[in-house]
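The two complexes that follow have subunit A in common; it is paired with subunit B in the first and with subunit C in the second.
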Partner chain A sequence: MTIRPFRLTLLGLSLLIPLALAAVVLFLLSFSWQAIGYSGFSFITHEFFNMGGIDGDPVTVRGVSVPAGADYGILVFILGTILTSGIAILIAVPLSVGAAIFLAESIPDKFRPVLSMLVELVAVVPSVVFGLWGVAVLVPFIGNILGPAISHTLGFISVLGGGDSGGGYGLLAASVVLALMITPIIATTLLDALLQVPKENRESAFALGATHFEVVTKAMMPMVRTTLIGGIVLALGRALGETMAVLMVSGGGSNAMPSSIFSPVATIASFIVSQLDSAESDPTNMAVRALAEMALVLFIITLVTNAGAKVLSSGVLNNVRNRKH
Partner chain B sequence: MSATASTETARAAKPVRSAQEVRRIVTSKIGWIACGLALILVIGPLIDIVWVVTYNGVSAFSPTLFTSSTPPTGVGLWNAIEGTIVISILAMAIAVPVGIGAGIYLSEYGNNKLGNTIRFLSDVLTGTPSIVLGYFSYICLVGALGWGLAAPAGAVTIAILVIPYLARITELALRQVPNTMREAAFALGAKEPTVVFKIILPSAASGVVTGALLALAISVGETAPLIYTAGFSNYPVDATAPIHSLLHNQIGYLTYVIWSFIEQPDATSHALAFAAAFLVMLFVLLINIGVRLAVKRTKFV
Partner chain C sequence: MPWVRQCFTIRGPLVQFTKNIRRSVLLRSGAAALALAAISAGTAKAATVTLVESGSSLLYPLFNLWVPDFTAANPGIQVTTTSTGSGAGIAQATKGLIQVGASDAYMSDALVAKNPTMMSIPLAISAQAVNYNLPGLNDKHIKLSGPILAGIFSGKITEWNDPAIKAANPGVALPAHTIIPIHRLDGSGDTFIFTQYLSASTPSWKASPGFGTTVSWAAVPGEIGAKGNAGMLAAAAANPYSVTYIGVSYAAKVEAAGLGQAMLKNADGKYVLPTPETIAAAANSVVTDTPTDERISFIFADGPDSYPIANYEYAVVNSKQPDGATAGAIQTLLNWAITTGNSPTYLDKVHFLPLPTAIQILSKTQIAKVQ
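And then the complex of A and B:
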């Protein structure tokens, strides 16, 4: 085998990608090792994150030095992450499905590129600009108009505010901003799939006397279902790790279980950014290690989600199904 | 004759529309209206964001934005603009050679198990939340390696973030170059570097440049990976200090101004946040619109 310096150089450059990924995982793992040992499973089962008395003398527990009373539990942030992303998906799916269907079937070919470009552009607006818009427009809207309206009419349901709609910052604001950010991912995935449905399938549905809308919902949508679900899971992966926009509109309610859609929430990502400053003042460094463990948990959650999206969109499931029949 | 026949059947068919048919037609109409509303609700916020940020950003605009720095140093954005430029240039200096090199490898020599593994891990890195990368840099570069909060740590983090994108876009662009061109070049006796740099890269130049521009747009718009790697400074880069001071001091950037100044109580800070958002958004949108108009409907990401 001959040595090809040119190929080897390029291979070296491309190996930097897996190397970077490995470095990220290994550094987070080794840095948070003590925190993992200290907290064990209580890290994901205990509700609240308590840095302990970081101003007092540290105590030694199970061989590691920690601030007295430190108890690192992140259940509340796992819940916050799942709730914000879950509600965002509930809002984004109908919006993006409707938008994609309208773009694919109702818009003349001449205008489709312009409108689909506008949808794609939503995806490139920086997260922090979404957050700014959330603070300037969405939060006052929820706080002054939408919130009071919901809690007046449906206030008897406790998750809808129970009569108290807060100031606008909170779970609903975070979910709406996230929904807007992930809509283009779902919409463009679905739009591409709809445009690829064979003409014969549409025409045979028309020939059976279906209305145009029935052609779309009953003949075309079932064909692109797997792609749609893949797009939704991909969008979920994006929403779970989103930081700045959520941080800016969620009300920064660390350490409190959200009780209604107007409660302040914190996600794993937003909590890491908001707490690193105070964690740095922990003389034992354990709080910073616990935050590293949170980053690791977030990495695992998004990894599993994205792997799910990949399996769905690669059509592995389709092939399995086809083989059975 | 057939035309009259069909109009007659149409006229005859009209009165016998059953209740079920009417229901189906009404459902369809409602469905289309709902879909149209959904499209408006998707595009509407984008237009509102552009409008709100432009309106507030333009009303906060003044020449002092470019001459003085953020409060308490002054009432401008110069330190942040300068910092964003420094961080982005450093990040691109790392990311462009690595990303394009990796893309060339994946396209030209990566049709094997190793190539597939790199591609897969590159996708994993793309899906990693930016705050996770930022935290890695905070403990590794800023802490363990002792770089401190400064432009290099921020730039490396941004580079890690955009390299997978750049590699993927480069690969897709190079794969569109027809194989006959490679064969023709090899048949003339060209060596591999000559084929890549003289034949393939020039033919795929528009795609590769697109990738680099999109990566630049991402790097200008990022916040979370920079907060604990680049830090922030209200002072512009000291032009009289030796160049290495640039690499050891905290540095400002526009996205930080957007995030932290909108949370201040005073109107001046809000105006600066909007002005910074306007600059960032203008840059990001112009790059993306320009790229999309130049390269018609090529799906890269």
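And then the complex of A and C:
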């Protein structure tokens, strides 16, 4: 048998990443096992989260030692995570599709590198900078201007505030900050794909008498649909896991389901980071285990959305293929 | 999905990082021992011990004032300070990752029972103000009590002209406007002492949600959760009709933002402002009761002049250190902190107060136990 050092090295390196991922999942599972046993299924169906009296003497409940009154339910945070990311995607997709089409079609070639670089630059702005901007500019804007305007005109719709727009911190602020963070991710992915659409396709469409609008929507967009979905998945990944910017502007609602776009919310990631310090002074360690279980739930949510997007994009792919035949 | 892994392994690198620090500390203290031997052999070579202080974000500015002067006076000792939060300070000091944990709260009975060699040593006295943003009333020092604040933060008192607030403030034109309570989102010693005041003064609050560095806040319409003292200040300044609690080390910024400072009802039923006199009165009221391990609260302390939300700021230290050089350096640092470090030069900048003499003696006795 010949030993192939190069191939073996590559194999080892390529296995490293999935192994590290598996190790993280295994660690989270084993570390949070006690919390999973303590909370059971109510962990994800129950809307109250209480670390209990971590400074008092622990009590024994169902055979495990926990702080008195400890009760871990994270439904509010699951909903907060999905809502902030979902609304962020709703805002970001039209923005980024528009930006990508503009950059691909409506500016001279020599300006494109500069402008697309500017868009890419937004993608590397650290999230805490977005958070600070959110606190200093966006939150007062929503609290003083946008919020009252929406709730006065459309307040009869309860999810638009029902007449009460709060102080600016909340679901809308978090979603807008997230939307700004992910717009460049979708836009740059889409731009690259649009620039790779074969010239022949564009030119044949023009030759058939299509307007510029028709060329973009009928000849080009269908060819980049898969890439668009891929970009959205990437963006969703960042939005679901974003911690600091959300923590700074979300208002951190707990123990109550968000009732409008102005309600304070907390996401799983932001809640974990805000509570970890207190959890560390829990003598039974159960609070840290519960936070680890939350991390596991976040992991599952991202896995499910990614898998869903894969199925969706392959389905779209087949559609395009079928249409060609 | 690199961000997923990042999200889950964030504590991995942290732990590794602190381990590295500890290793370097061990290495250096090892080197220190060698160097000490070298000194006794007649070579005059300076030995350096590195101490890592981490924890309370309230103590962090004070440590930053202390460290340059301390290291100038003690060239053999290097001190690294970081702000991670009181819970992390206690946890890391207990695990031996750092030498000095800084905490706004003393270690609980359960934690001490689990780690009997860990000591809580007071370094200075801090207090907390209850601030509000009431247009037209911010220079008036309105009066609030524990039960009123408990009512506001649990959603039972929702309007500024509620009968309970009116009764405490006769003759003050309180607006008919919804109160916006602002609380800390992140775990915090400020939340700890604020909720201790509410628990001590209001039985229903003591039953639930009780006190802690984080508590399960009731959902109050219009409430805001903010991050850090800076976030609390920004949220209060941006939201008229809000009320919040902010550490006194932020007093200058709070004043610059034009927020009001409430007079709080103490255990004797008097309304007092957080001044050096009222905070000292609270501290002095428990001097004779302070046990040798110095774990005592003077929240809602007795006495007509006592300000109800004041506390010791603690260093959390293990009495069993791996080597004599580290133990000696910790003793030097803490003894310096409660003597020279307690002078107004440092404390005035963060609005802290020095330890009463009797407490200073108790702290010295505890510091001497670090071996």
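Operating definition for what follows: the second predicted complex is superposed on the first by the 275 of 325 C-alpha atoms of A that agree within 3 Å, B and C clash if a C-alpha of one lies under 4 Å from a C-alpha of the other, contacts with A are read in each partner's own complex, and residues count from 1 in each chain.
Rule of thumb we're sticking to: a contact is a pair of C-beta atoms (placed from the backbone, for glycine too) under 8 Å apart; a residue touches a chain by one contact, two chains touch by 3 or more.
From a predicted model like this one, the values you see are computed outputs, not experimental measurements.
Q: Between subunit B (first) and subunit C (second), which does A:I101 come into contact with in this model arrangement: first, second, both, or neither?
A: Once the two structures are laid over each other on A, A:I101 reaches subunit B alone.
Q: Applying the touch criterion given at the start, work out whether A:L10 contacts subunit B, subunit C, both or neither, answering first, second, both or neither.
A: first
Q: Output check: A:R202 vs subunit B and subunit C. Expected answer is one of first, second, both, neither. What do you get?
A: neither
Q: Given the touch rule stated above, what does A:L28 touch, subunit B (first), subunit C (second), both, or neither?
A: Both partners, subunit B and subunit C.
Q: Taking the superposition on A as described, I'd like to know which of subunit B and subunit C A:S274 touches: first, second, both or neither.
A: The second partner, subunit C, only.
Q: If we overlay the two complexes on their shared chain A, which of subunit B and subunit C does A:F299 touch? Say first, second, both or neither.
A: Both: A:F299 reaches subunit B and subunit C.
Q: Applying the document's definition of touching, compare subunit B and subunit C: which contacts more of subunit A?
A: Of the two chains, more subunit A residues are contacted by B.
Q: Enumerate the residues of subunit A that count as touching subunit B in its complex and touching subunit C in the other.
A: On subunit A, the residues that contact subunit B in one structure and subunit C in the other are 20-21, 24, 28, 135-136, 237, 241, 243, 247-248, 269, 273, 276, 295, 298-299, 302, 306.
Q: Taking the touch rule as given, give the residues of subunit B at its contact with subunit A in the complex, in rising order.
A: Residue positions touching the partner: 24-25, 27-29, 31-32, 34-39, 41-43, 45-46, 48-49, 52-53, 56, 97-98, 101-102, 104-106, 108-110, 114, 117-118, 121-125, 127-133, 135-136, 138-140, 144, 160, 163-164, 167, 191-193, 196, 217, 220-224, 227-228, 255, 258-259, 262-263, 273-274, 277, 280-281, 284-285, 288-289, 292, 296-297, 299.
Q: So in the complex, which bits of subunit C are touching subunit A?
A: These residues of subunit C touch subunit A: 1, 3-9, 84-88, 90-91, 105, 108-111, 113-114, 180, 185-188, 192, 208-214, 216-219, 221-227, 231, 234-235, 238-239, 242.
Q: Under the definition above, what is the set of subunit A residues touching subunit C in their complex?
A: 20-21, 24, 28, 48-51, 53-58, 69, 71, 135-136, 139-140, 143, 164, 166-169, 237-238, 241, 243, 247-248, 250-256, 264, 266, 269, 273-281, 283-284, 295, 298-299, 302, 306
Q: Within their complex, state which residues of subunit A touch subunit B.
A: 4, 6-7, 9-11, 13-18, 20-21, 23-24, 27-28, 31, 94-99, 101-103, 106, 113, 115, 117-122, 124-133, 135-137, 180, 183-184, 187, 192, 211-214, 217, 237, 240-244, 247-248, 269, 272-273, 276, 288, 291-292, 295-296, 298-299, 302-303, 306, 310
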